[in-house]
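Listed below are the structures to be examined.
In what comes next, subunit A is part of two complexes: it sits with subunit B in the first one and with subunit C in the second one.
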Partner chain A sequence: MTRLRESLTVLVFLLPVLVLFAMFRFLPMLGAVGLSLTDYHPGGDWRFTGTENYRSLAQDEIFLSSLRTTLGYVAVYVPLIVVVALGTALLLHAVPWGRGLFRAALFAPYATSLVLSGVLWRWVLEPTGFLEQPSMVLPALAVVGAWKGFGYAMLILFAGIRNAPADCLEAAKVDGASVWQRFRHVLLPALRPALFFVVVVETVGAFQVFDTVYVMTGGGPVRASYTLAYAVYDYGFRYFDIGSAAAIGVALWAIVLLVSLTQRRAFDRNP
Partner chain B sequence: MRLHRRTRAAALAVSALTAASLVACGTGSGDALTLWMYPVIADQAQSRDFWHKVEAGFEREYGVDLDIELQPWEGRQEKLGAALMAGNGPDVVLLQSDMIPQYVGEKALRPVDDVIAGSSRAFPPAVVDALKVSGQSYGVPLYRTVTTTVYNRKLFAEAGIPELPRTWDEVEAAAPKLAAHGIPVLDYSGSTEETLNLTFYPLLWQAGGSVFTADGKKSAFASPEGVSALRFLVDLKAMNGLPKDAATKRSGLADDAMVTGGAAMAHAMTESAARNVIAAIGAQNVAIGLPLQDKTRVTFGTPGGLSLLRGAKNPDAARKLLAYLAAPAVVDELCAESGFFPPWAESAPPSADEVDKDFAQALPFTSAGDNHPQARKVMGLLAPHLQAALLGQKTPERALAEAAGEVDALLGSGR
Partner chain C sequence: MRRAWPAVLLSLTSLVAIGPFVLMLLVALSPGNAPTIPYRLPSSLTLDNIIRVLSTESFLRWTANTVVYSVVSAVAVLLSASMAAYVFARKRFAGRDVLLWSLLSTMMVPFHALLMPSLVVIAQLGWSDTYWGLIIPTLANAQAVLLLRQFIRALPDEVFDAARVDGAGDWRMYLSIVLPLCRPVLATLGVFVFLWHWNDFLWPLVVARSDRMRTLTVGLSTLESGHLTIAELMSVATITGVPCLLVFVVLQRHLTSTISFTGSGR
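Showing the complex of A and B:
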């Protein structure tokens, strides 16, 4: 009886999160899947179209190009932010004094508004012409995204470094291991859970990149920064092609899920 | 035991708060009529005062609660679409003529022919027709916008050009002289965020081209006329006759090239934008001319119309609101305060200053463009290809041909 009561109490405490998750995550997701199978009009009319939206997307060059653009962004952004976050976390760990001050300073961009950062970076980058060159716009956006987001990843990795076995590092040092060898064979394996978390979170975020694109480039020039999330916005809210927008959203979800599972397997296989 | 009681009390409180939050999410805003209006009157305080007066006047006359929500121009389409999808849209909204076919196609509007027929003053057929789809009116005319050519007279004088260019040939002839002084002859904003109605389309029409074929089933911009319009821009770019970032530039009120003296002329400027330029560089340095001429002299101008949403909670009261707003007393005052032109058949400029008079001269040359349900999506498809041509990645012929391929596929898909 007591156990049942305790379980109920736990359930009640979890209820807010479960209800909010169901209402604002799970149900909209189901709704999006449903919409992707319809031709839905903002006026309220709709008809069931089955997989027509998915089939037309498969032949839609703009969707396919936005998929390539998104993959390109992920390929630049994720390694960049992981390297920057890991580098700053290691530097932070090595700082003998004022660590809190440096940590706060490095974390500051993460706490600023993404839209505001985008506007400021647009002012910075516009005179350089980077936002006007199709070949430079994705790296430029990735740099802005990494600048904005590395603070969070840095804190996760910094915590991982602090939890690394000091005795092993010490023993390796005594045994004559170089700095690189200690990093590669002692610290990096210890950081695996933190790195996995960072890589997955940043990959998911990179696939969903929208704000910086919206503020800085509008998907241009010449669709060079037209990402999947931007296509969802364009198809849905500008062209009112709700079914296609929902289908792109579902495709994005499936891709992110697939990539996350692949990353998990890769991390499991390579200890 | 005491702890358990506390725990249970906390759990109950958490549940109650969750329930309260969710109930709050579903709270509606009542049964008042809602009108979404935009900064037709640019000055915020002036706009607020005017619409507050209109709101009070309608409520007094009809005894119906009216809520006029002043929305920004920015993100207009997206906000309205999202509100409609959420079943949370207004009853009446201000739409431009080229937006109406899209909303009709989405089955979001109701016809308003009866309101137009009941107007105490006649509207010109061209204005009414611009707001029609398949023979039915979906917008009650509220005002007309006009765009035309605006010059920085001082920059032309400094470059030794005594006569302001009135044709494409004259613009091209002026470009190198101004470029020698580091000034692009023509301001151009090629960002995909910009409406082509104020950038490429006026040039396309001036060249004698159009966006769609007469039956609306195919694109028509990849024609020799379209190529000529795009080549005009590309040639100017090559002569440093456009801003360096013309392909991706966004227009802005404060940092616009004309406002800062960074460009010598603009080919499709609105009256409010022209007044900004005058305020920034002085009336003595500004000249307002007729629209540019190539094969024909034409510019963008559109009636703003009030549309009745299909989801209006009380369509009868909403029709009364439309009739009230479209009455000469309201329209004339709105046009006097906004600087837009009244939609009546024989309209004089709303006020007697020189800027109004100059823009009134452009009125006979205005075109609202091709009204087509896919007009806005076609802009989205065409704009990146125009950018490619301006960046030198494609020739005008190839850029327009590739854009036409995408547009024709869209129009052929029947979506």
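Showing the complex of A and C:
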């Protein structure tokens, strides 16, 4: 009897979270795969079409170019934000005064929205014309993303630097190791976990870039910034092709999983 | 002697970080539509633009929607997540670890993958273009459950044992031990959830069919510099951004140390 009561209490405590996750996470996860196998259109009839959406996406030049565009964005954004975040974290470590003030200033963009960042930078970049040039639009978007987000990565890396063994750094200094040697052989090994975390989080985030694209370029010029996440929105809300939009979403999901697993393995293999 | 270049570089980077906000404020506070920025500083400052924007009806509505979306979500996430976190941290029951892992696994799913099916669920529930549809799907927050569970697990066992000896049941434990002891982490988490929702874009964008359901980010994204002056646009931007910046400035020490220690906040 008491065991029954006990289980009932546990269930009641879990109930809100269970219902929320069942309805708005697990059901949509199944639904994403399900929808991607249909030709669902809003208001109309729909039927099961098997893998047809996936097969037509494999031939779809718009989708394929959005894959390339997304990879291009990731290739610019991730090194940029990691270098900027690591650089500012090291600088923050090297300057012993005014840390609170510097940290607040550097982190401020992170507290605001990507939409606000996009609106501000769309205006700041207007005289340069970068957002109208197909070759410049991805780097410009990457700079805006990195400007908004580097404060977060910087905090993680700064915490990692402070966890580095102080006595080793001191010993290396006494032994006459250069700044680079101290960084390469003492700091970097200690920073590996933090660096790994930052690289994974930022890569996964970069594959899903959407807000800045929506606000600053609308995927243009001539689809030069038409990313996968933007394609999900565009297929769903401009073409009302829900089946294909869901299929692109599932593809994005698969890519994100694959990337995190690959990075995990790469990290485990190189100690 | 300490070299000066790290401090110089750090100051320059800080200027780049806050520069756009300073420009935004200056333009929003510039009188008339004087195209002074970025070439010349305005000779005087005024609140006219901000007041004019604030007195338009749809803008007030967007602000109210954003406040409702952020505040209600923060409270509801704290309540539901702390209840679940308590049993995950302090009770033994069949399938506990599997259940926790499956909740956490949802953090790996890009929201774009769930976008279309979530909208179908909302439509089936008759929640399209309503506050229910806006708020409730965003309450499934695995990060909050995880963070609170870690915190509750780290609380000393003696407190719970003593309460049990005194005959306290689970509700008493939750209400008079867990919630009071978790106050610092609940406060930080509440601020994070508030900021996530205040800054959220994609979900409010697709749920809001009518102008009266838009949040500030969605409204701001619909504004083109052609339809209103740059000073008005920057006024909207200011009102969208300043609450976050203020919350952050006041609480920055708490927020930054939570990020440094747990990596949450993203």
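The definition used in the following text is that the second predicted complex is superposed on the first by the 244 of 271 C-alpha atoms of A that agree within 3 Å, B and C clash if a C-alpha of one lies under 4 Å from a C-alpha of the other, contacts with A are read in each partner's own complex, and residues count from 1 in each chain.
Criterion: a contact is a pair of C-beta atoms (placed from the backbone, for glycine too) under 8 Å apart; a residue touches a chain by one contact, two chains touch by 3 or more.
Only a predicted model underlies this, so the values are computations on that prediction, with no experimental measurement involved.
*Asks:* With both complexes overlaid on chain A, does A:223 touch subunit B (first), subunit C (second), both or neither?
*Replies:* first
*Asks:* Return first, second, both or neither, reflecting whether A:41 touches subunit B, subunit C, both chains, or no partner chain.
*Replies:* In the superposed model, A:41 contacts subunit B only, not subunit C.
*Asks:* Report for A:102: first if it touches subunit B alone, second if subunit C alone, otherwise both or neither.
*Replies:* In the superposition, A:102 touches subunit C alone.
*Asks:* After superposition on the shared chain, which partner residues are touched by A:158: those of subunit B (first), subunit C (second), both, or neither?
*Replies:* In the superposition, A:158 touches subunit C alone.
*Asks:* Pick one for A:88: touches subunit B only (first), subunit C only (second), both, or neither.
*Replies:* Second partner only, subunit C.
*Asks:* When the two structures are laid over each other on chain A, which of subunit B and subunit C touches more residues of subunit A?
*Replies:* So, of the two partners, C touches more residues of subunit A.
*Asks:* Tell me which partner A:128 touches in the superposition: subunit B (first), subunit C (second), both or neither.
*Replies:* neither
*Asks:* State whether A:23 touches subunit B only (first), subunit C only (second), both chains, or neither.
*Replies:* In the superposition, A:23 touches subunit B and subunit C alike.
*Asks:* With the two structures laid over each other on chain A, which partner does A:113 touch: subunit B (first), subunit C (second), both, or neither?
*Replies:* After superposing on A, A:113 lies in contact with subunit C but is clear of subunit B.
*Asks:* Touch test for A:242: subunit B only (first), subunit C only (second), both, or neither?
*Replies:* both
*Asks:* Both subunit B and subunit C contact which residues of subunit A?
*Replies:* Shared contact residues on subunit A (touching subunit B in one complex, subunit C in the other): 9, 13, 16, 20, 23, 233, 236-237, 242.
*Asks:* Which of the residues in subunit C come into contact with subunit A in the complex?
*Replies:* 6-7, 9-11, 13-18, 20-21, 23-24, 79-81, 83-84, 86-87, 91, 93, 99, 102-103, 106, 108-118, 120-121, 136-137, 139-140, 142, 145, 169-171, 174, 195, 198-202, 205-206, 217-218, 220-221, 223, 225, 230, 233-234, 237, 240-241, 244-245, 247-249, 252-253, 256, 259-261, 263, 265-266
*Asks:* Mind pulling up the subunit A residues that touch subunit C in the complex?
*Replies:* My answer: residues 7, 9-10, 13-14, 16-18, 20-21, 23-32, 34-35, 40, 88, 91-92, 94-95, 97, 100, 102-109, 111-121, 123-124, 147, 151-152, 155-156, 158-159, 197, 201, 204-205, 207-208, 210-211, 214-215, 228-229, 232-233, 236-237, 242, 245-246, 249-250, 252-253, 256-257, 260.
*Asks:* Please output the residues of subunit A touching subunit B within their complex, sorted ascending.
*Replies:* Going through subunit A, the ones touching subunit B are 5, 9, 12-13, 15-16, 19-20, 23, 39, 41-45, 56, 61-62, 126, 129, 131-134, 217-223, 226, 233-234, 236-242, 244.
*Asks:* Touching residues of subunit B toward subunit A in the complex: what are they?
*Replies:* 4, 7-8, 10-12, 14-15, 17-18, 22, 77-78, 81-82, 84-85, 87, 102-103, 106-109, 191-193, 244-245, 247-248, 250, 310-311, 376-377, 380-381, 383-385, 387-388, 391, 393, 406, 413, 415
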